[in-house]
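Look at the two complexes coming up: subunit A is in both, with subunit B in one and subunit C in the other.
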Partner chain A sequence: MRNRRWNWLVIPMLVGFATIYVPAIVSFVLISFHPSTGPGSVGPEWTLGNYAKVLGDAVYQTGLWRSVALGAITVAGSLILGFPLAYYISRYSSRFAIAVFTLLYVSSLTSIVIRGLGWITLLGTTGPINGILQMLGWIQEPVIFYGNLLGLSIAMIHYTLPFMVLTLLPVMHAIPTGLEEASSGMGAGFVATVRRVVVPLAMPGVLAGSLLVFAMTISAFVIPRLVGGLTLRLTALLIDQEMRTTYNYAIGSTLASVLLLLVAVVVVMASVVGGRSRVAR
Partner chain B sequence: MIEVRDLIKTYPGATSPAVAGVSFTVEQGGFYTLLGPSGCGKTTTLRCIAGLERPDSGMIKLGQTVVVSDRIFIPTYRRDIGMVFQNYAVWPHMTVFENVAFPLRVGKQKVAGSEIDRRVRESLALVGLAGLEKRMATQLSGGQQQRLSVARALVREPDVLLLDEPLSNLDAKLRERMRSELLLIQRRVGITTLFVTHDQVEALSMSDRVAIMDRGLIVQEGAPRDIYHAPANQFVAGFIGSTNLFAGRVISRDAETGQALIETAAGRIVADAEGHEAGADVMIAVRPEDVVLHRGRSAGGPEAANSLGGVVEIGLFTGVSVEYHLRVAGQLVQSRVSSRIDFTRGDDVVVELPVHAIRVFSMAGSEPAAEGLAGQDA
Partner chain C sequence: MAIPASSASAPTASVAGHVPAARRRRRLDMVRPVLTGWALLVAVFLLAPLIIVFIDSIGVEQYVVFPPGGWSLHWYQVIPKYYLDGAILSVGLAVAAVAAATVFAVPAGMAIARGSLPGRAAIDALLRSPVQIPLLISGVAFLQFYVLIRTLTGVTVTDSFVGLWIAHTIVVSPYLLTAVVARLARYPASLDEAAYGLGAGPVRTFFDITLPIISPAVASGLFFAFLVSFDNVPTTVFLIQSGKTTLPLAIFYDTDQDLSRIQYAVGTIVTVVFTTLILVAMRWLRLLPSSASARRGGG
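Showing the complex of A and B:
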């Protein structure tokens, strides 16, 4: 507000946004309200039929549920791994912590295709992970990771972890260590300090990171295609199928709109929670 | 009671220890202050007592519990302490009430809800914050946040209270008020208190005992009066209050009275110089407020010992007193006298340095280690 004269700096971004991104979204949302009239075309009349079909059809329903489930599992997984990691990196400026951070950062720069293929190799029935599990005697038969949510979740957590950590880090850095020292000085052990001081103060980062990871996951395409295969029928894959294989633009657009709505709902929910936690500060 | 023995702490990568062998005892219910210049190791000592740093060696006892020794290291949260930090460190995501209730909620023994309520209110009333329970901690002023952190530190009724420069972030007026308030609270609760500050007025006015630290060592320990009037060495004399320091050499010494005649740039001075032999290079310290000024010229002669002729160079009127800078032969001497005494620049004065007010240190007094041990029991 104070430096209004710099506002023009965002104009190029807004122009790009308004001329490319918004029309694209508006056009597929509009298409979703028209009936399909054959491959690659929609009729002029308005209808809610596409939504009835998408929400009523078992295939699309399963796809949606699986996408949401994958999103939830990935958020949980990347939080469980990412929160302690970000806390560790932010609190210990040791060489090891820096190495861990660098590794994480570099791995986030690797091509997504390479990472997807990497996981296929690692998770295959004759791959090293099954090998180790069998060697340890924990399993008799190889675990099948390919084509199910198990393997896909592992790959997605790996893919989203750096984003989670990179979102959490600045928030953790901003928590003065004195607040934790005060906590232990007032009789709180490590767990109580993390639960009552670190987690509440890191909440904005947790929400932002979870949102980012959730949105990334339910719209992810490459890794689900490579690791999950076609049988999983996740929404993002179904959209691709409708748009590029059967040319059913109406259904494809409807699925995309539903996904968009889903992300919007989660964003609103997160900002309500976030707003409440901000009021409480 | 707090007992610290031979505490040594070296930070990783540091060439010299931040705390280089500190020992002291705070009596039950006492108010003990570590005073010293920036970087002398006060905070490090306090953090070792709190358990926030792990010392290289030494022993620390809180009450009847040894919390640090060769084989023991009790973590911070299991030490019976209350802490107040320089930047308050109140938790921004909690209300005033929750900040104070926190130590009761996380403690080993479960405290009932009604009991928590009662004790939090009691603590807040003690520091004068009653009625602000529902406010967020960050919605308090600096002074109120400091009170809050005191209430929070006391609510568990710990054995000892540790305070690291708790007043230094407050403005001058508030700092003065909090000084007496804090002391009043301490007296009322009767808690053994260790206070860390670099503000000598705070240290002298609040403490039962003061330890002066320099480069990781305690160089003198004693009651505020003794520290002020009988500094054990040149460092303490220079650090506490303002002091006229000038170099001299012992010409002769009367073994019976212990008085010596000392040659200085200001002239010959008689002083108690126990332990300084003839020929020794010494440092002489006199507080400006001990320097007496008489109008007129020095009569000279042996009966007028320590009455030296001087000329007024400048007078700084502060209202409470006037600080005169006087040229006495080759030496500049400062004198602080009642503001009713009025000299002007160029006036001839007799500058009297009362024998009992003069402290004599050996020149080697800049070595804190050697002097520190000698000065411990001063």
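Showing the complex of A and C:
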């Protein structure tokens, strides 16, 4: 029962968004079409030169590809860790399963800067990870985790894992256990049941979680800055550098527009996937 | 919420004949410990950075070496005052942003859930969109907008509390909107309509009928909006160029320039306080964010 009399209540927020939020988004996109005329200023003429530079220059290209690669590695990692975990939480109601579920929430809400601090030590050359690997005799020399995608992706998987699992969980819960019982009752092993029953039915959740984690990773800033470092030249770090160090607003805004477009495409894909899975149910 | 393990080992009689029951049970008995072990591994992975922050905070050396050569609580005693100032600014900013977001987003949620807005889907998508836009991009957007305002009007909004307040309010408002719309979708509009029909005005209907019903959802939205605002570095970093910084930004800058055990001590205090708040909220107030997509925070 919808009624017109409630409509006016949307006006304050809508006006606020129309006068501040929309102009803020529009302003940096507009700036990306103007040439830089020195630190903190752009010229009045219109140009596509910033885009030509950002898409043509090796530094920016590398940054973009590294961001995409980091996104792909992080999606794979959080899926490998998260899929069995989501299955476990959805199928068992032990105290431990509930504790892990709680831990996921607590972890996702813990300060991101503080988690970054933790990973700096964990991934250090004398840190606990290298210590354990050396104790086991798997490595002789310490592994360098700082300033490369290896260490950064471990920290990013930690950051994104709760979001992956919490996206997978409702889909896992919706798979009737009767299907798994039927499958194993007819002689399929656990692995075959998972591969032929659980995975196909969980696919909408896998896709939605993967797209969410990918969008989060390519636009992440704090962990890449603290754990990856500037030498990685990820797009998010280049944006920060252009905006706050060299004050090249034109290039910074162009990089931000490219990143926003990329995230928007992923978000739209996710909503299409989400819409389709709702229809299927 | 979860299905007891025993039901998984009770196949229907019609298909049970194919595999000997003993073998089937043994196989299922294997699955559970393996999955539990996996979950334990992930739990250790999730906890590791938090535990290590505590261990680092009680080491004896000024520079962060692992493992520490001795133990000391010294770093908790020499936390510089600007961290306390930062904490006060962060709490003040988060409270102001969440309060403003509530004033705007709760009525808007009413209109979207109950009204007959033309272009409702588009308005809904617009008002929810800040949560989809990366915090870093929001920072760039507000910085460029504020610079534009300064160029056009001479008014400086950058480096001011008002500038931060506006940006944080917009960034966290979808948390409240989403919570209210989701809650209202699950209770009949006829209650509001009845109150209205009996002569209560829209304001009285809202405060007497609607608000008590949506308040758990609003409380949950408030809580998560507060956490997101408090911890926001990627937006704030563009809007504070000099002067007082928020707490997470102070840790962020010091970590970048002069990593010491002091940041780990501050980090431990913040983690203990926030974990306590989160557990209290989850266990006793039963607050849970309404959907996975609304929880995109961090940075």
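Here is the rule we go by: the second predicted complex is superposed on the first by the 240 of 281 C-alpha atoms of A that agree within 3 Å, B and C clash if a C-alpha of one lies under 4 Å from a C-alpha of the other, contacts with A are read in each partner's own complex, and residues count from 1 in each chain.
In this section, a contact is a pair of C-beta atoms (placed from the backbone, for glycine too) under 8 Å apart; a residue touches a chain by one contact, two chains touch by 3 or more.
All of these numbers come straight from a predicted model, not from anything done at the bench.
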item: Which superposed partner A:Leu179 touches (first subunit B, second subunit C, both, neither); value: first
item: Contacts of A:Gly187 with subunit B and subunit C, given as first, second, both or neither; value: both
item: Subunit B versus subunit C as contact partner of A:Thr245, first or second or both or neither; value: neither
item: Partner, of subunit C and subunit B, that touches more residues belonging to subunit A; value: C
item: Contacts of A:Gln61 with subunit B and subunit C, given as first, second, both or neither; value: neither
item: Subunit B versus subunit C as contact partner of A:Leu201, first or second or both or neither; value: first
item: Touching partner for A:Phe28 - first (subunit B), second (subunit C), both, neither; value: second
item: Subunit B versus subunit C as contact partner of A:Thr37, first or second or both or neither; value: neither
item: Doubly contacted residues of subunit A, that is, touched by subunit B and again by subunit C; value: 178, 181-182, 184-187, 189
item: Complex interface listing, subunit A residues touching subunit C; value: 1-10, 12-14, 16-17, 20-25, 27-28, 31, 40, 81-82, 84-85, 87-94, 96-97, 99-100, 102-122, 124, 126-128, 131, 155, 158-159, 161-163, 166-167, 170, 173, 177-178, 180-182, 184-187, 189-190, 212, 215-216, 219-222, 225-226, 236, 239-240, 243-244, 249, 252-253, 256, 259-260, 263-264, 267
item: Contacting residues of subunit B [partner subunit A, same complex]; value: 50-52, 75-78, 81-83, 85, 87, 89-93, 102-103, 106-108, 136, 138, 149, 152-153, 156, 162
item: Sites on subunit A touched by subunit B in the complex; value: 176, 178-179, 181-189, 192-193, 196-197, 200-201, 277, 280-281
item: Of subunit C, residues touching subunit A in the complex; value: 1-5, 7-8, 10-12, 15-16, 18-19, 24, 27-28, 30-32, 35-36, 38-40, 42-43, 45-53, 56, 64-67, 103-105, 107-108, 110-112, 114-117, 123, 126-127, 130, 132-138, 140-145, 147-148, 166, 170, 173, 177, 188-190, 193, 196, 202, 224, 227, 230-231, 233-234, 237-238, 241, 248, 251-252, 255-256, 259, 263-264, 267, 270-271, 274-275, 278-279, 282, 288, 292-293, 295-299
